[in-house]
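Multiple structures follow.
Next, two complexes with chain A in common: one pairs it with chain B, the other with chain C.
On to the complex of A and B.
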């Protein structure tokens, strides 16, 4: 008879289990897509966090706080085809925080530290502004609170970040609690063929 | 030093002096007539803001400038159109490869400078439209950092180019041969003397005293700096629509500052409050490179 599993084996089972759940969710999603079924989706033109023209308004965090899941099925996604790769990204930095000795805002915007900032290529130490920067969202940390989405909206940003429902996480509740809470009727059940497919 | 809001010129609409979809570029001629471009229109106003005339441009205008001889240049996607002072078309410089999107125009000696926002650099041409050299792209970013796809510059009386590099929160100074002479400006989201957001300032001009006038977005306003970057005045915070961006600025001979409201499609006018203005410049007070 085998002894108690080692820590390495437990971790291995956990990773394989998570992968299988993920693949199962993806498979389920692909089957539903093939069948033309409706799924919960966010209309970015209605969601107050990404809707153009809605500036100087409060961030809506119902996508983060209303989902039945402990960590919501909604995530923020950065569309790299739009992102300006700015030196100072208002979705990454709290641009109203005091400037530090490097000339950058001293605080980050994301309450879960889910955005990673990496220089693209070599950085000139004498002039770090002379570079592009990549902003990647860690979906294991993001809960879809929408703060970065609002901060990246035109005219402050380029509208490159939006909220999406991750089908491999969403339980596809008949009465989605986010859809019920959504003040903008932006949370809709739509055929998968209308999925914008970002990220 | 203070400026007060004194009113607007033009506005949204379909009549001759009005703009329906876009208002993008401003310039004055030597007699203080104001030229405005947007939609596919070139509109001229008297120094009092009265509509004088309006004519079509072949493509939507993104910039306008008036040369010393009165020739009016209108920057467009892929080309520049030249008009005489009465609005008659003189020439069209087509160069889709080098004039991707012309968002600013200036003059130095006998040359014409054109900002191409597509290639993120400024290009020098002779008066016949022959390309000579590039400015601002001899660096590892291969050009200015302009996430808003708008590049603006102004030329001072000594022929020095002052260009916005909004991704670096700077104003950079170049010779017309493309040599970088220096820069000023820094990011700061709290101190009004700094440039805030991802990318500011977006637009630039100079007044007769050699002060640098810039426009910034999110929240939109215009600011006046000394030639070496000391903040002198801020205006427009309550007068410009919060959605404004790439708001062109121009200054007339009276020192009035004209700022485009790109959302409401009109031009806000700010007059110097004479009780707070310094005396007229003397011969020593010129912009130094």
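On to the complex of A and C.
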């Protein structure tokens, strides 16, 4: 058993102690700066698919194609407090397609058929346009390609659809591949409290 | 601010329903743009361009009239087969408008990962670090270490899918230190600091049994054929000159290649400290194994990862030894560690079997080198004294007198 620590041991303890104090100081400094959990969010004022004014431009589908997940963590979300519940929804129908016998566009806009359309209440068979229709997006099918978001934009629509990152699906990658691909810098990793999301 | 409020309302009130009666150049512009969007071949934006370059009020009005005329013409004649689309409402109908006790559906929103789950991650990390310390420094068992590293590989690797890890947390910490607006959570800080503190106290326990990237490489490393002198797989008649597994990197080359990780670390810190637009997290971008944890990833990274694993079958942990930026920090801090792997507490028995068993070139003069020992516990298995006695009583740096 050693009675007296050698000079080398004392020095070692001193260096160790200093390093631990330094790490502790770094920890305290970081904890004071800690402002909650950063989550990837889409700023829809920047996203070309949802920002107002960007009309007549190509739909940006990087949210669907750039995510590391097979099915992207981004979903289109219909805000029911804004949705006009139109008879002919420009996000549900491809309004450029030919008219069918019912007087509706024959094609749907969503390439994955993720939007469900159902009338609210009783529909007059002679005047089906005089009714409200509810449009729900199937979260299991939607891949966040943004076509419906672009189609529902002013002045054709009411801007009720937007793209959101689904926090339960998002892997919260340090280096979000969609954020890198996004041409509008619309992706930001912000504290959860700054989410102005719907609902 | 919700982007749909405010702006939309003014649009609606100024423009009227669906903008079919434009009364100004702004409406005409918007309208032409809409027509151009929904009917791409119908009206080329010549009128739009012209209106942009003309300045007089009369020109604006003229263009408005002309563009509406062209639009109506196009809508009625050239595109008779498609609907004449018109937005029927200006604002969302209220539940009262819809009637029939209509209930506004809840707009779907997914909550983020619960905080307690993040806390569990930190708790698992801390427990794994302590357990690894005990297994390597006290229990001195390779078998239990393999069990622990497989457990951590499954949890941090395949369950948590590689995020968050202390290696990538370097960048988050750098961002938090340089960017006042950046978000950092307590859990990231804990993930970054816990292994560092454990390294100052006990050496690189994180590398040994906790890091999923290290565990993956450690598990693919081919075991040597047997023990002792006959352990080499490709032994030539002479023995020493032959190729054997794992490959021994000459010490000088090992040191030179070991400096790569410092270059990587400096580069990662520099890129993470830049402003948001040019910031890049290269540690995560070039993480070679995260693609395996997620079963998906960029092809080139999967190929690089596969290449590193194939190399790792013959050369012990190439990523950890030569590339890992966190390993650079740990190799520095482990130099001052309080406790560390001691192989031959009994100095009389310097047989050298432990040095041969080390796949990482971490043995120098029959002692484990603090900075490069990765706590894999293979040397304990190779020690004949350890095998005879099972678990040695001596665990500290002091030499024992038992024989």
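Everything below uses one rule, namely that the second predicted complex is superposed on the first by the 163 of 199 C-alpha atoms of A that agree within 3 Å, B and C clash if a C-alpha of one lies under 4 Å from a C-alpha of the other, contacts with A are read in each partner's own complex, and residues count from 1 in each chain.
Assume a residue touches a chain if its C-beta (ideal position, glycine included) is under 8 Å from a C-beta of that chain, and two chains touch if they have at least 3 such contacts.
In this text the structure is predicted, and so the values were computed from the model without any measurement.
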Superposed partners chain B and chain C on chain A - clash or fit: clash
Chain B versus chain C as contact partner of A:99, first or second or both or neither: both
Touched partner set for A:192, first chain B, second chain C, both or neither: second
First, second, both or neither for A:42, with chain B first and chain C second: neither
Chain B versus chain C as contact partner of A:70, first or second or both or neither: second
Contacts of A:134 with chain B and chain C, given as first, second, both or neither: second
Chain touching more of chain A, residue-wise (chain B, chain C): C
First, second, both or neither for A:120, with chain B first and chain C second: second
Chain B versus chain C as contact partner of A:172, first or second or both or neither: second
Chain B versus chain C as contact partner of A:86, first or second or both or neither: both
First (chain B), second (chain C), both or neither touched by A:156: both
Chain C clash site on chain B (candidates 116-124, 260-268 or 278-286): 260-268
Contact residues common to both interfaces of chain A (with chain B and with chain C): 55-56, 84, 86-88, 90, 95-99, 103-105, 129, 132, 154-158
Chain A contact footprint on chain C (complex, rising order): 1-4, 7-8, 11, 15, 18-19, 30-31, 33-34, 36-39, 81-83, 85, 87-93, 97-100, 102, 104-113, 115, 118, 161, 163-164, 168, 171-173, 176-177, 180, 182-187, 189, 193, 196-197, 200-201, 276-277, 280-281, 283-285, 294, 296-297, 333, 336-338
Contacting residues of chain A [partner chain B, same complex]: 53, 55-56, 84, 86-90, 95-99, 103-105, 124, 129-132, 154-158
For the chain A and chain C complex, residues of the former touching the latter: 12, 15-16, 19-20, 23, 26-27, 29-31, 33-39, 44-45, 50-52, 55-56, 68-70, 77-88, 90, 95-99, 103-105, 120-121, 129, 132, 134, 136, 139, 154-160, 162, 164, 166-169, 171-175, 180, 185, 189-192, 196-199
Chain B residues within the chain A interface of the complex: 139-141, 145, 147-148, 167-170, 186-191, 194, 196-199, 217-218, 220, 242-245
